[in-house]
Structure formats: structure tokens, C-alpha cells
Amino acid sequence: MYKIGIIGDGYTAADLLRLLAGHDEMEVVSILSTENVGRRVDNLYPQLTGFTDLVCQESNLDIIKNECDAVFLALPHGLSVAMAIELLPAGIRCVDLGADFRLKDARLYEKYYDKTHEAPQMLEKAVYGLPELYRDKIRVTDLVANPGCFPTGAILPLAPLLAAQLLEPEGIIVDSKTGVTGAGRTLRESSHFCEVNEGIHAYGVGTHRHGPEIAQELSFAAGRPVEMIFTPHLVPMNRGILTTAYARLQPGVSAAAVREVLEGKYREEKFVQVLPPGLMPHTKWVYGSNMVQIGIYTDETSGRVILVSALDNLTKGASGQAIQNLNIMLGISESKSLNFPGVHP
Amino acid sequence: MYKIGIIGDGYTAADLLRLLAGHDEMEVVSILSTENVGRRVDNLYPQLTGFTDLVCQESNLDIIKNECDAVFLALPHGLSVAMAIELLPAGIRCVDLGADFRLKDARLYEKYYDKTHEAPQMLEKAVYGLPELYRDKIRVTDLVANPGCFPTGAILPLAPLLAAQLLEPEGIIVDSKTGVTGAGRTLRESSHFCEVNEGIHAYGVGTHRHGPEIAQELSFAAGRPVEMIFTPHLVPMNRGILTTAYARLQPGVSAAAVREVLEGKYREEKFVQVLPPGLMPHTKWVYGSNMVQIGIYTDETSGRVILVSALDNLTKGASGQAIQNLNIMLGISESKSLNFPGVHP
Amino acid sequence: MYKIGIIGDGYTAADLLRLLAGHDEMEVVSILSTENVGRRVDNLYPQLTGFTDLVCQESNLDIIKNECDAVFLALPHGLSVAMAIELLPAGIRCVDLGADFRLKDARLYEKYYDKTHEAPQMLEKAVYGLPELYRDKIRVTDLVANPGCFPTGAILPLAPLLAAQLLEPEGIIVDSKTGVTGAGRTLRESSHFCEVNEGIHAYGVGTHRHGPEIAQELSFAAGRPVEMIFTPHLVPMNRGILTTAYARLQPGVSAAAVREVLEGKYREEKFVQVLPPGLMPHTKWVYGSNMVQIGIYTDETSGRVILVSALDNLTKGASGQAIQNLNIMLGISESKSLNFPGVHP
Amino acid sequence: MYKIGIIGDGYTAADLLRLLAGHDEMEVVSILSTENVGRRVDNLYPQLTGFTDLVCQESNLDIIKNECDAVFLALPHGLSVAMAIELLPAGIRCVDLGADFRLKDARLYEKYYDKTHEAPQMLEKAVYGLPELYRDKIRVTDLVANPGCFPTGAILPLAPLLAAQLLEPEGIIVDSKTGVTGAGRTLRESSHFCEVNEGIHAYGVGTHRHGPEIAQELSFAAGRPVEMIFTPHLVPMNRGILTTAYARLQPGVSAAAVREVLEGKYREEKFVQVLPPGLMPHTKWVYGSNMVQIGIYTDETSGRVILVSALDNLTKGASGQAIQNLNIMLGISESKSLNFPGVHP
């Protein structure tokens, strides 16, 4: 039984605990907090009553070093680097759910996160934790940068088509719609019930931090720079991201070729489902689960493809994927504790 | 591995399939339908993609008799009696999620369900499937009447207090608030999104069918007739029932006595949690799970108690409890495939 | 054209501005704030774009004294007394949307609001601003205590029946369900979208501040002390309060008598609608409007009545009723700027 | 006082009645129905209680011809043509809220609506009822084709920029998100509460009927064919459409030029608001009102513009715009009965 630590007590920490409650090879032995030290976790999150007796401890990394084999860093950006620097040499495998190791270019990090990166030399070493693209690297690393929720939904449908050179690398539009848990538990007017419920709006237009992350991975897939616009929208629901991506086909590419590439890429994948022709995904179908569903619409006449993906932002978009990554890192069955359907209706 | 059949393809059938996907001693081998014969179940319910290859079959009971050890009857009221009459002699254990075997008094059934009961002699034999009250009887029966969703939430907090003679058996008020899945998948104006969203209203005031079911069980617990009023309300959410019950204490009963009875009754129960003083349940904390949470507020001065319970109407209020019952009937660990926390946030 | 001031910039202030946009005898000339001084109101509330050029001013009462005929105090409790003491002698009519002048008994105020009342002698003078009960007094006062949102929904159906001695004055249950705007714009975990959406829970059980306010007015109506329990619940919607009230009939009271009293009382009232037999109100039907709808269910056999009322907590439950009161105080047509239907669907 | 008829009793009819309740130059004298003949309108729509005594009449056009000056055809497509043919010669001004007169090309109508147009010669004569573009023509016609809800939100931001030749006419993406009232009151699984709530999905991808309508008007504005992709999404809310439109700037076009064209075009318009730089619209800010809000984000480096618009699909997207059109046709003040802010929060 691997001993696991969690640093942070927000929504992604809560979803880690929900998902790990059924894991028979990992046991969460400590959770570190800053604001809730001394509080029982099931007092913070009463849905966990009966599933944990953990109490939030102060953020002393010795606890992790002494007790754990691996740790989930479930923190806002900017806090993980110093921790990873301390934990990795102690042999603690780290999965960072924050943004500190996702961008390979420290200058982009600085531009988008308003912060000089403290250890740019670690960026090359960290593996971008999208198992469907980087499984082999994840297997042998001790530092995974868990992808952002929007990037997961955007990269999975687009990257294989770019890698196969089926799409033009310019003018890609990624229009995403997310539930509110993506903004976390921190109190903000933009997450206040009355300001969100019964309405929808765009935010971070042209400036959202997940934009360069998506562009980086699409460019890696394409083997050349990809020009892309990303716009997120806030939907009055708790969980779920729907991503509608628009791209132009390279000349002569058929609808069948598009489908063939995506179905081929994901046929053996446990957590990615390419839906049959005519069916488009619904975020409710993956509610609470680690699945991603992808729908394809190709218009050969105009040479355009519309790809729609759905995932649960806290699960495949964060905590579920983090567990999937750690399962791989530890040599455990990749789908352990993640192999269940969504809660619908 | 027990072979299981499901008759019906509505929301409770879907939740049975969700919950049974992780059951390692039961396998659903057939699902019978009337409206969707020939359709794949994961086409009806795409959240089940990857978890089942079942196709809806026509409602021929021979399929069940030939292939199954047990069956869930997930049907509207009025259809189960004839099926049970045919299946029981064939040795098929039956859990009826409908209302046909819940009321012990066939005249009440006739009054509230507008239908003469076809086999009143079976009513005595059927066991009311609330394991926390009737576990021993469930263990040895082959016919369980799975309780209604509202009754589950009302009986669990009230029955032990009535059994202990702590409450006056008159003037009990049960004010319940339910999510919309309780009304099923059938299209009705009252379940039309625009008529439900962003509003709340009472329905079935004074006439709802779960009223006599609650009264029956409270009277059994009290050992005498209990007078009770039940009012359900429709809340703009998918899942969850919150029940607020008001009762008068018998003279001299203390707050401590109330708490002691409920905590004592449910201390060893896996699926009933009595919350600590000052904490009241929230339906979100049991979303998708088989838990019931109960909060207690006793005012000794006025001699009144307010009991608040929360459950998921499709899970502990229907399909989860049905599996709990069948686990007991088959001698399987009672919490098998049900032992996980709710999805929150 | 009367010159009107508003002190406060929360949701009730916003709804005052929405409603007054169409008022042709009142003009809002100043709005005082503490946190948003210097900000345009339509920047705070973009729905008002094009309808106001007001800028929030600092809370200097001279502004009101110099420019206004009347003022709405849209403030948290505890702040209005000192302001009223200063404004009333200057001839400014005051409508207090807070709680400072509602309870006639300063000891109750102290108990429930944790604060010594600064001017208990003013409590007798202040008129409880429920026009349907106190119109004549409102007409001649310069200080109105605008009722709480829950009390408005509870008192309107119950008071006339208590006044007519049709109900027993003990054991009345008031079970209310409110939208989230009732908690205001202040950031709190309990108003955080992810904690509220897709769930329902009770709060303030046995201790909510609107309990004594309801009891006071029901006792005044009955002419003797009324014993009552009040429980509020939070519903995932922005606006609306549904109140389900349970009471016992005095011996021999018929269903017809109950209906006759309520219909008689409200037949000429513009903003109270007694629904026909068999119809129960829905909060959506009064969304954004100043209407209250009341449904009646009487069970003569058990001698019980269930009264259900629906209103918009920000409108008839706060700002609409405040305008109704000021219309009366200023001798303007009572329904001026309030005479429009709810927004449904 | 003009006498007005309404044919149809769905949600757009209900919103017409809500909005016309405050109109002092129009009076609705008859409403024709097929399914609800004999029912009071306030029984169908209890929010109208106290505002109308109308009873649904059978669909006999003589009623309109004898009693009305003008009529709103609030019907599904395919029914309006025959009615207009009969009503126009009788001098009845017609505003068709359906789709029968929107497309100028009868072949497109046939392709997208699966129906041969019964009177293609009327298409030229009918005026597309977007007052901000076609006010002068509306003033002198007796037949207005009221625009679709999505087209209103897409055309208003894009058309002026295309007319000014600031945008490339190819590769425009219109990604829209709508509330559920857009699907009307007809019972469908896709409008069933449990299938919509707490989720989002795309529908009609590549095939939605509003696609050619948008393309038509954008092409008229540009003076040449515009290539455009339109994708609608269903959001769990009642009212509101948010449209995110992506386009490429013509070489050398500045952000200032984009803003200048849109602000200039709409500066004098009562119902279109171009938001200041940095602010993006929210559908809640126009909830229940006739306003459209437009936000602009221009990226000069990449030569792209993102336009976001918000409107209420039942009001500016249907009934409010219909009244605006009829006000113009009848020479009444254009904003009569429409000049009020949205209901927020």
C-alpha cells in the first residue's frame, strides 16, 4: 500500500479524496493545509464522512518526507516549485495539479503568471501528464505536471489530427464552456451564486492562462507552431467542460480520414471515447467520472472540422487525471479507482 | 457471479446499471423494455458507454426465468404484481422498485393508486425493504418492496423515536423537497426544464401517494396509529431529497434522549449518518451515494424536535437501496458496490 | 417629482433602481455607499446601463438632507437607527429595508441581533410596512420598517385567519424555501455557487431572526401569543420564497370559511392573489414582480390547513414593498411602477 | 388604442402578453390557439393573473380580421404563409415570429425546413425585422419577418463591420449558447429538466436552421457571400443567448477602427449597447429586457476580432423585437413598453 500525501485542501483535494476512497493500493496518510489546520477533513467536506479520519496538518514538508511515497500538490500556481525542489531529492514522487511545470518556456510562464519561474531547469525534466500522449515518459518520471482542465479537453481531440498533418496549423478556434468548480473554493464575486446562476458569459477573452498551454501542446503535436485562439465561458453548473474546436482541413482530407485517426488513436484508451457519427457529447455523461467523450463533425465541402469534447473538470480535468498519472508512475493498473461511469441523470 | 435481470429502462434502471458496474458478485445479463427494444443501453444512457454491451430486449419473462437468479422490477406501479406472480415460483428473487407491494392494506392501495390490487394475499409476504428496520426479514424473503424515496427520508429519522415512545404520535409534519429525477424520464410539463428551473413549488398537497406509506411505517414503529401530514416540493436540481420533519416530544423528553436514540440506532449502520449537534445535512453531500444524513434540532422549552434528512432519491431512495436489499437477500456483503462517497462539489 | 435617496449598494438597492426606472413621480438623485464610492452604479450593476448616470457617493447624510424628500435605507441591521435619528427631524421620510425597527420589543431585538437597540423609544412610532395590514398607519408615518422577506410570505396568508380566530394559535409550522439573493451580495461560502447549486439544505434551524418577527405579527393579528416554528431552506435559484405553513383549525371551521376569509381580505388588493381551489403557487409566477400568490388546502377531517405562498424576495419581499410603502407615504398611487407581471418562463 | 391579435399560445405568446401589459397604445383583444381553446390565458400562464382576462379562441382568422389592426404570428414555421395571405389583404399588419419569411431564397427554405414555400413571391416583399438595420423598410411594410433569436445576436455585432469592409468574409465562426426557452414549451427529451440541468452540449452542429439566416444577412451587409460556421449549444438556464463570434480583420484594420464602427452604428440605438473596452456582456444583465449588449476584443497582432453579444432570446430575440417592429409599423414610439432594465440578480 503506497502512502500518499496531499498538499492543499481545495476542491481538487476533495476530489482526490473522493476518488482515492476506493483505491486499494494507495492510502492518503496526510493532508497539509494553511487555512484549515486542525480541522477534520470530513468537517470541511461532509461528503467524506465515514471515508476518512484525516485532520488537516500544517504545511511542513517533513511530514510528507517522513510518511509518504508520493504527493499530490493541489495548490495555486507559484507554490509548487519550492516544494518539488525539496521533495524530489527525498524520493517523493510529485504530481503537481497546479501550473508551475506545464509550460516548457519559462518566459511564457513569466508573461502569463506574472512571476519569474524559480527553477526553469526543472521544466524540461517535468513530464506533461496527459497519459494518452506521454504515457511512456510518465512511467519513468518522478515529476508530473498535471494538465489544465481546458487544455485536456482541447488537446485530446486536436493533437492526433495535427500530428497526422490533417489540419492547417492556423486559425484554430477553441471555444470552451466550463462549470464553476474550475474557479475553486476561494470566494469571489465571479463565483457568487447570484452572479453566476441563470446566465452565461465569456471571461479572460484573449488572455486566459490556458491559451499558451494549449498552443504549446498543439505545436508539439504538429511539429511546428500552431496559431490558436482560446475563449472560456462560465456556465451555471458545478462540473463539466465542453470544448468546441474549429479547424480547417488540409486540402483533400476526408471525413473518414479524420474519424479514422481519432478512433485509431483512442481505440485502446480506457478514458477517451470517440462517439459514433451523429452523436455529440454532453458534459452530464461524464459527470464525476474520468472519461472524455469526443464528437466529430466534418464538412468536406467547406473543408472544416468541428470537434466537441466533454469531460469533468475536477476529474479527468484535474484529480482523476492526477491519479491516473500516479498509477502509471507507481506501476499500478492505470485505471485503478477510476473505472466507473458518470452520475447521470 | 449472480445473474441479474432488470425490467424497465427508466432512470432507476440507469442508476442500477451505474451502481452495478462496480459489483463483482452480480452481473446484469438482461434488461427488458417496452419502448426501446433493440436499442443499446449505452445509446439510451451514454454515461454507460464502455461499461455495458446490453441491448434492450422485449418484455418476455422467460428471458428472466432462463437466465437470471434475481430481478429488479424498475417499473411504474401496477405492473409488478403479475410479473412477481410468474417469477417467484421460478425461484427468481424479486426486488420491486415500484409501489405495488409497499402498502400492507390493499384498500389503501386501491384508494391512492386507483387500481384494485391483483394479489392482496402477497402483501403480507412481501418485506418492506428498509434494511435498517427490516434486515432480518429481508435476509429470508424472495420478494422485497423497495421503499419510496420520500418514505426512506421520513421513516429513518422518525421511526426510532416513535418506537422509543419519545414523540407524540399526532401532528407530525413531513415537509419534503425533491430533485426532478424523482418524476422519472417520462415527458411532462411539470418536468419541462423551463417550468422547473429557477423556481420551487409544492405539489400533491394532501394527496401524494407516499403519504400513506410513511404513515404505515411510522404507525408500525409507534405501535399505534400515527397522524401525519406530508407535503412534497419540487426543487430545481436533478438529485436529492431533503426532508424536514416536525414533531412534539412526549412530556419530559430531553434533547439528549432524542440524540441518544438516533445515534444508538444507527451507530453501526453503514449508510445512515447522524450528524453532530449544530450540523444540518445538505443533499449535495450525498449526491450519487447511498448515504442518508440526519440532523437533529430539539427545543426542550417548546417540546419540539426538528429532524432533517438528506438522501439521493435515485440511490438510497431507489436503486442503491434496491441493491442493498438484494445484497442482503443473496448473502453478499450489504455494502457491496455501494461504498463510496457522494460527488461534491 | 419627488427626490429620492438610497443608502446602500447591495441587491436591494439594485432592485430599487430597477423598479424606480419606470416611476414617473420619483427620481433617485443620490446613492450612498461605503465600499464603492466613486463607481458608477451601472458599472456595479450593468443591467442598469442606459437607465442611470448615478455615481456612488460617500455616506454623508447631508447629501440626503439637502437633496432628498425621502430615503430608502438598504443596509444591514444596526446601521439604520442613527441615520433615522438624524434624517427624520430634517423632514426626510424613511423606509428602512433592514431589521432595526421591525421588532416592537427591544429585548427581542437584543437577543436575536446581538446588539442593544439605540433608540427603543422609536420602535412604537415606526410602522411595520405591510400595506395590506397597516396601510392607514403607513399613510401618516414618516418611518416605515419594511418587513423581512420570510415574514411577508408567512404573515399574509396566516394573519387574516388568526384575526378571524379560525386557527389554533399553537403549533403553527412555517417551512420556507428561499432563493440565494436573500443572502445578499456579500461573499460567503454559503452563497458560493458550487456549495449551493444542485442541492438544498436547511439553515438557522430554530434560531433564524425572522422567527420572532413572524411570531410578533401573528400574535398581533390573533390578539394573543402565537406559538410558531420557523425553518428556512436555501434553494438553488436566485429569486423567490415559497412558504408552506401548517396550522390546526379551530373546531368546526370549514374549508369554505378559510377560503372566504382570505379571498375577502385580499379581493381588492393589487398585489395579493388568492389562487383558486386546486392551484398552488410557484415562485416562478411572481419572478421579478411585486405579487404574492397564496394557495389553500384545507382538510376538514383532520382539522388542518396548509397555506402556501410565493413571492419574489427582492421585490415584494424587499424593494418592491418598500416602494409600495413610499408610494403610500407620499400619497402616490400605491402600485406606481410596480404594476407588471413576473418574468416567466 | 390599436387592437392586437396573437396567434399561438407558446412561450413567445406569453412574453408578448407580459410585455404588452404595460403598453398604452396596444391592447391584445384576442389570442388564437389549437390545443388550449377555451382555457383562460392566466390559467395557462399564471404569471399573467390580474393582467388579462383573455380566453384562448379557436384558430379562426375571421376573429382577427373583424377585431384587430395587427397580429403577431407566434407559430412554428410552415403555418404563417397561408395566414398572411389571408390577413394582409384585409389590412391586418402582420409580424411573423416564425421562420417562414426570413430567408429570401425559397430554395434555402426548402432545404432547411423540409417544406416547399407556399408563396415565394412574398419573400421579397417581407421585411427582415431587425430595426437597427432595416428601420426604414419596417416603417412602410405590412409584413415583417421577425428575426431568429440566434441571428439577432450574431448579425448585430458582425453586420456593421462587414458593411464597413473591416472583416474578411471567410472563416467567420459563430459559437452560440442559449437558454432552454428557445426550444419552446413542446415536451421533448432534449428539454426535459433532468437531461438539461447541470450540463451543456452542442446540438444541430453544422445543420441548424439559423445558419443560413445568419449567412444571408451577413452577406447582404458585406455585399458579397460570407462563409460562416454556426454552432449552437444548450445551457442550463431559461433565458439568454450569448454569442461568441470570431473573425479575421482585413489587413491593417486597427482595434480602434472596429470599436469606432460599432459605437458609431449603435450610439443612438435604444436597445443596443456597445460595452466599454475590457467589459464583456453577461446574459443576466439583459434578462427579461429588450437590450443587446456587445463586447469587443481585438488582437491587432494576430489580426483577429472576438465579438461577444448577449440578449434575452424571448425578448430581443423574439417577442420584444416583434413589439419593437410593430411599434415602428404603427408609428408608435419604438421603445414603447420595452424601456426597462433586465432582472438581475
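By letter and in written order, the chains are A, B, C and D; residue numbering begins at 1 in each of them.
Please note the rule applied: a contact is a pair of C-beta atoms (placed from the backbone, for glycine too) under 8 Å apart; a residue touches a chain by one contact, two chains touch by 3 or more.
Keep in mind that this is a model prediction, so the values were computed, not measured.
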Same-interface partner of A-C, chosen from the options A-D, B-D or C-D, over half of the pairs matching: B-D
Selected pair, greater C-beta contact count between B-C and B-D: B-C
Averaged-CA centre spacing for the pair subunit B and subunit A, given as whole angstrom: 36
Whole-Å separation of chain centres (CA-atom averages), subunit B against subunit D: 46
Centroid spacing, where centroids are CA-atom means, of subunit B and subunit C in whole angstrom: 39
Residues of subunit D engaged with two or more neighbouring chains: 11, 181, 185, 194, 197-198, 236-239, 281-282, 284-285, 287, 344-345
Subunit B residues within the subunit A interface of the complex: 11, 14, 17-18, 21-22, 45-51, 181, 185, 197-198, 238-239, 270, 273, 275, 279, 281-282, 284-289, 291, 293, 314, 339-345
Subunit B-touching residues of subunit D, taken from the complex the two chains share: 11, 180-181, 185, 187-189, 191-194, 196-198, 236-238
In the complex, subunit D residues that touch subunit A: 171, 173, 175, 177, 194-195, 197-203, 205-206, 227, 229, 231, 233, 235-240, 242, 244, 246, 248, 280-285, 287, 295, 297, 299, 302, 304, 306, 308, 310, 344-345
